[in-house]
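In the two complexes that follow, chain A is the common piece, with chain B as its partner first and chain C second.
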Partner chain A sequence: MTTTSSDTEQVPVAAPLVGRPDVNRKRMARLGWGFTTPSLIVIGLVTIFPIVYSVVLSFSAATVTGNGVALNGFTGSNYSLVLSSSKWHYALGFTIIYTLVTVLVELVFGTLIALVLERLTAGRGLMMALLLIPWSMITVINAELWGYIYQGTYGVADAILNAVGLGHPNILGQSTPAIIGLMIADIWKTTPFVAILVLAGLVMLPGDIYEAAEVDGSSGWSTFWRITVPLLRPTLALAVMFRVLQAFGLFDLPYVLTNGGPGTATTSLAILGYNVIFKNLSFGPGAAVATTSALLVLLGCLLSLRTFRVQVGKED
Partner chain B sequence: MSDVSMDKVNKVYENGFHAVKDMSLDIADGEFMVLVGPSGCGKTTALRMVAGLEDITSGILRIGGKEVNDETPKERDIAMVFQNYALYPHMTVAQNIGFALKLRKLPKNELDAKVKEAAGILGLTDWLDRKPGQLSGGQRQRVAMGRAIVRQPSVFLMDEPLSNLDAKLRVQMRAEVARIQRQIGVSTIYVTHDQVEAMTMGDRVTVMRDGTLQQVDTPQNLYDSPDNIFVAAFIGSPAQNLYDATVGEGARSIKLGSQDVELPESVVLKRPGLRAYAGKEVVVGMRPEHLRAESSTSTGPKIVGEVDLVESLGSELVVHFTIDAHRVIAEGAVDKDEAAALQSGEGVARVEAKTPVKPGDRVTFSVDIEDMQFFDPKTGLAVRG
Partner chain C sequence: MRNRKRTGWHRYINGINISAFFVVLFVGLPLYWLIASSFKTPANLGNSPPQFFPNPVSVGNYTDAFKNNDFGQYFINSLIVTLIATALVLILGTMAGYALGRLPMRGKFTLMVTLLIISVFPAIAVIAPLYLVLRNLGWLNSYQGLIIPYTAFNLPFAIWILRNYMLGIPKEMEETGRIDGAGPFRTLWTIILPMALPGIFTAGIFCFTACWTEFLMALTFNSANQYRTIPVGIAEFGTVFTVPYGTIFAASVVAVVPIGILVFIFRKFVISGLTSGAVKG
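Then we have the complex of A and B:
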């Protein structure tokens, strides 16, 4: 349910105000601020403050002391340290490739599944419920599950690979297989989410436009590429943005499955930041990793929106 | 350009609803055929079967003499204007109009020329680069028309294309659509629930009711000699005055409530079937303009009514009056409010603007008895030959 402004304007107010829209609106606005201020303060404390604090931290020569962290004044050295570090370069490259591959595959599979679901007349609800099982699973549990599947002696994936004559490859013990394994686990979990999102977009598309296209002589792929995809653009943009945000912050899957390994093969930016802060206790550089990651993901989202040339929520 | 022929076409929906029943209709090459009837009578279903958007349950549909039951809309070469226009929101006006040609892989310069030509006919030349979202209702309607005419299809199908426009624009577009159709000369089936649209636009008009075809004729013939009570009540605005009446002995008079209206010999000669109704009940129909509030000195058949309401249209007066006869209401032909008002035996006359009538007056109307229509009360069919 969305509430439009005209709905709120119809909320009954004290009698003397009725019929004086200007006074009315000002009063209502003040009332609105009154209601929202407490929650804004709470939100500010739990989200804005940590963000600001980590930015401050990233510009500080912070050290751990007996009773917490001392900022010790401004410095730019955290950033120069991070930006020139080969570990950061690798983590950045890995995170970007991981994001691109998973988002692309999820988008393609998700759209295909949505197209199939849309054509289903019976059992669509059941199919959707089944599809949502992976998505509703907590990531850590999902990771544990795939951990068993990839396990080198009794894992299902291992058994299958063995059966086709590939021996016991120890999937999570080698760089490239581990990366692919992580991607598969992510795709398995998140494709249904993309599918449901795209399906919601699909069922909203007006049916008579498709009939018009049919009368105009369009069919199959031509209709898909010339009508469906363009009309679905806002939905696809939304899906991509969600997924880019999530994938770029990749943390719990490698944390559980590979702990960033083997070596540093699956060390994402988030894992790197975590390690720097909580293992090395280097608060300044760790905060710099976090801050640059946040800026990069913002850039990534803007770029993906640009690609789809839409402002979400705005037609044309 | 081709003729369209429907031969005993039926539509039964999956839920068992029989929406179109044994519809047989021939539309000549280049003809403008209007399909009219109350909402839910099956007009859209019939049109969609011709388009190929709905399966034909039984019967044969031919376009240009060839059976097309199993052909796609593309193969039938039809073009359709949808009620909500169904424009492609992400394409410009030019792209919307040119879409079908682009799919047919027409060379770019030819395509542009055709789009420009269609836009010229419709007055859209200045809007070619706009998206549908930036256009007014009337302009969108024109784009929908443009998309249809640019292809020079075999058949045009239009489903209430003007119903989303405001009253003034509707009247204007009515004339324009008819003009364009004549200009390009493509056989057209035009669906509407508005009998005024039907009367003003169609070469011929098909009246439908509950999935069944009622009458197919020119607008004038539908008006002057409807085949049944439904058509008589549905066509014409204000609606025709239909009353239960009794034919007098020897068919010399009509008893309308407590009034006796003289029936000249000539009327019966033109409708010999009336003789069989002597002493029996009949339904009589009188068009509002066939009741004249003339000076009481004139001779001829008359009825007396009590005036309830006088509406001045400037050029004429619409006089609502009551007589003590029972008003006949053809279900579905008039809307519910109107039907309720008619229960009381109300009639309507259109009289000259200067006639001195006011509510409460008892007015004597002379009846153009030659134009009176007669129907069998049981079958509803016109009494003629």
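Then we have the complex of A and C:
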């Protein structure tokens, strides 16, 4: 077998072995689908089929029977029930506000942390490792930890608030403090993730632009707003999209930390959907809650995809 | 590298390092609180004001988690489900990522976008139908009842990461294989796979983390004590009246340590996954 090292000689040697280019192309395409099909079957059966089933369920007068759920024909009543329910309105509003506040705070703090880490001369690797721990932590553990911190008689937060003269507010027992407490727990866990995403974007920025800015006498502040932020926009957009979609599916943290309470103060769309399906066993309305949330996520995703599309198209 | 610079600590007192110190406090203090609390006695956990250092240092919570509770079983369940799902994702994802990254196929773009959308779909959207299907199959409270959904839900993102790594490998590599007379499987196995190894590590660690931390499906499908994974086990330690924080924190430390070590060792791959896997996607 004669293998050659230079590029110019490779093509004529390879060509006769692999046959005519178009025949070869077809064969390679068939191979490609052969390699892709197993994944597509698994994904199709476990994700796409349930999504379709969920939509069907949401339009059915479903009743629970001995061995599952009977669909009982088409109805629009699930949606009219859900869309006119004050619980759904509250859950939607709560989820949107929660998403907006946490993502905004995480983005600002994450960017600040990334800027600090970028200038760090020693120990950056260790800092990154530390930042990855909250990201990799089980959310249930995060919820239990903050539950202990907020505990009304022996929690640290309670002791600190008491020390600054605020008495013993029962943090998780009142709506607004519980919502803020939930947000803080989320911000603690996810800001490091945003920081790493932004840092990765910062490191890839071309250095010569900054040298030019320095020569032109640009101050640190205007360099940040006029050069860093515009160049970072794709990274920031991606971080925002990731976080918005994740925050919109909020379930684990309030389920364990507040169980949706006090009352329904921290009942997100996902918790509402879960309770309607598995506590009330109302599969039809539950599927309607789930489907509308998924639709909102899809909408958000399609809007963000415009940022993506350019880059996907470029590489294809 | 750090040793060389370690002379003269005063050099390190500046705005950046002081800010970095506060970042360490912000991230580190709650982590410290988790670990410190796991070593306190149940009585001292209820101290007001709280103890900063556990005194006496007690490992009672750890023995309680393993001996009086079934945390050992939960740990094994999590390990089984996570390892098998990750292995399946990597095998299927490498094949699909290779095909989508390097082979001429029609409709690739549509497929990649569909995968992207599926990978961000909230689990709540599919939980009811999946529950009904698994119930009909008799797969509630089984390992496969979690392994298969975990595989399917983590595949799209893994395919994205792997495809992007495959794109970066020079085209000439396959031609070298073809000249040597290797078939497509051998080319993938002996030439492409070793070069895609960083991508496989990255996809692997993301999948491992996602499976290890997943809660909603585990809670819904595997509620029987024997099949609970760590997140469900920890969430169910408490009762309506008491929350055994000591036991919970001891179990939590044990659950955080393996993945902490994994992430620490493979941090380069995690970070490169966040950049090349996603941003360039």
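Note that the second predicted complex is superposed on the first by the 280 of 316 C-alpha atoms of A that agree within 3 Å, B and C clash if a C-alpha of one lies under 4 Å from a C-alpha of the other, contacts with A are read in each partner's own complex, and residues count from 1 in each chain.
The rule is simple: contacts are C-beta pairs under 8 Å (C-beta built on N, C-alpha and C of every residue); 3 or more make two chains touch, one makes a residue touch a chain.
For clarity, every value in this text was computed on a predicted model and none was experimentally measured.
> Looking at A:176, would you say it contacts chain B, chain C, both, or neither? Reply first, second, both or neither.
In the superposition, A:176 contacts neither chain B nor chain C.
> Taking the superposition on A as described, I'd like to know which of chain B and chain C A:117 touches: first, second, both or neither.
A:117 sits against chain C, while chain B stays out of touch.
> Name the contact category of A:231: first (chain B only), second (chain C only), both, or neither.
After superposition on chain A, A:231 lies in contact with chain B alone.
> In the three-chain superposition, say which chain, chain B or chain C, touches more residues of chain A.
C
> After the superposition on A, what does A:65 contact: first (chain B), second (chain C), both or neither?
It touches nothing on chain B or chain C.
> Could you tell me if A:287 is touching chain B, chain C, both of them or neither one (first, second, both, neither)?
Only chain C; A:287 stays clear of chain B.
> Taking the superposition on A as described, I'd like to know which of chain B and chain C A:218 touches: first, second, both or neither.
Only chain B is touched by A:218; chain C is not.
> After lining up the shared chain so the two structures overlap, which partner does A:84 touch, if you call chain B first and chain C second: first, second, both or neither?
A:84 sits against neither chain B nor chain C.
> Quick check on the superposed pair: does A:54 touch chain B, chain C, both, or neither? Answer first, second, both or neither.
A:54 sits against chain C, while chain B stays out of touch.
> If you lay the two complexes on top of each other, which residues of chain A touch chain B in one and chain C in the other?
Of chain A, residues 315-316 contact chain B in one complex and chain C in the other.
> Please output the residues of chain A touching chain B within their complex, sorted ascending.
Per the touch definition, chain A meets chain B at residues 206, 208-209, 211-219, 222, 226-227, 230-231, 233, 315-316.
> Note which residues of chain B are touching chain A in the complex, please.
Per the touch definition, chain B meets chain A at residues 51, 53, 72-74, 78-80, 82, 84, 86-90, 99-100, 103-104, 131, 133, 147.
> Under the stated contact criterion, what part of chain C meets chain A in this complex?
Counting only chain C, the residues touching chain A are 2, 5, 12, 16-17, 19-20, 23-24, 26-28, 30-31, 33-34, 37, 45-50, 92-93, 95-96, 98-100, 103-106, 108-109, 111-113, 115-118, 120-133, 135-136, 148-149, 151-153, 155-156, 159, 167, 172, 175-176, 178-181, 184, 209, 212-213, 215-216, 220, 230-232, 234-235, 243, 245, 248-249, 252, 255-256, 259-260, 262-264, 267, 270-271, 274-275, 278-281.
> Tell me, which parts of chain A touch chain C in their complex?
Where chain A meets chain C, its residues are 1-3, 7, 10, 13-14, 17-18, 25, 28-29, 31-36, 38-40, 42-43, 45-51, 53-54, 57, 67-69, 113, 116-117, 119-123, 125, 127-141, 143-149, 153-156, 158-159, 163, 188, 192, 196-197, 200-201, 204, 234-235, 238, 242, 245, 248-249, 251-252, 255-256, 269-270, 273-274, 277-278, 283, 286-287, 290-291, 293-294, 297-298, 301, 305, 308, 311-313, 315-316.
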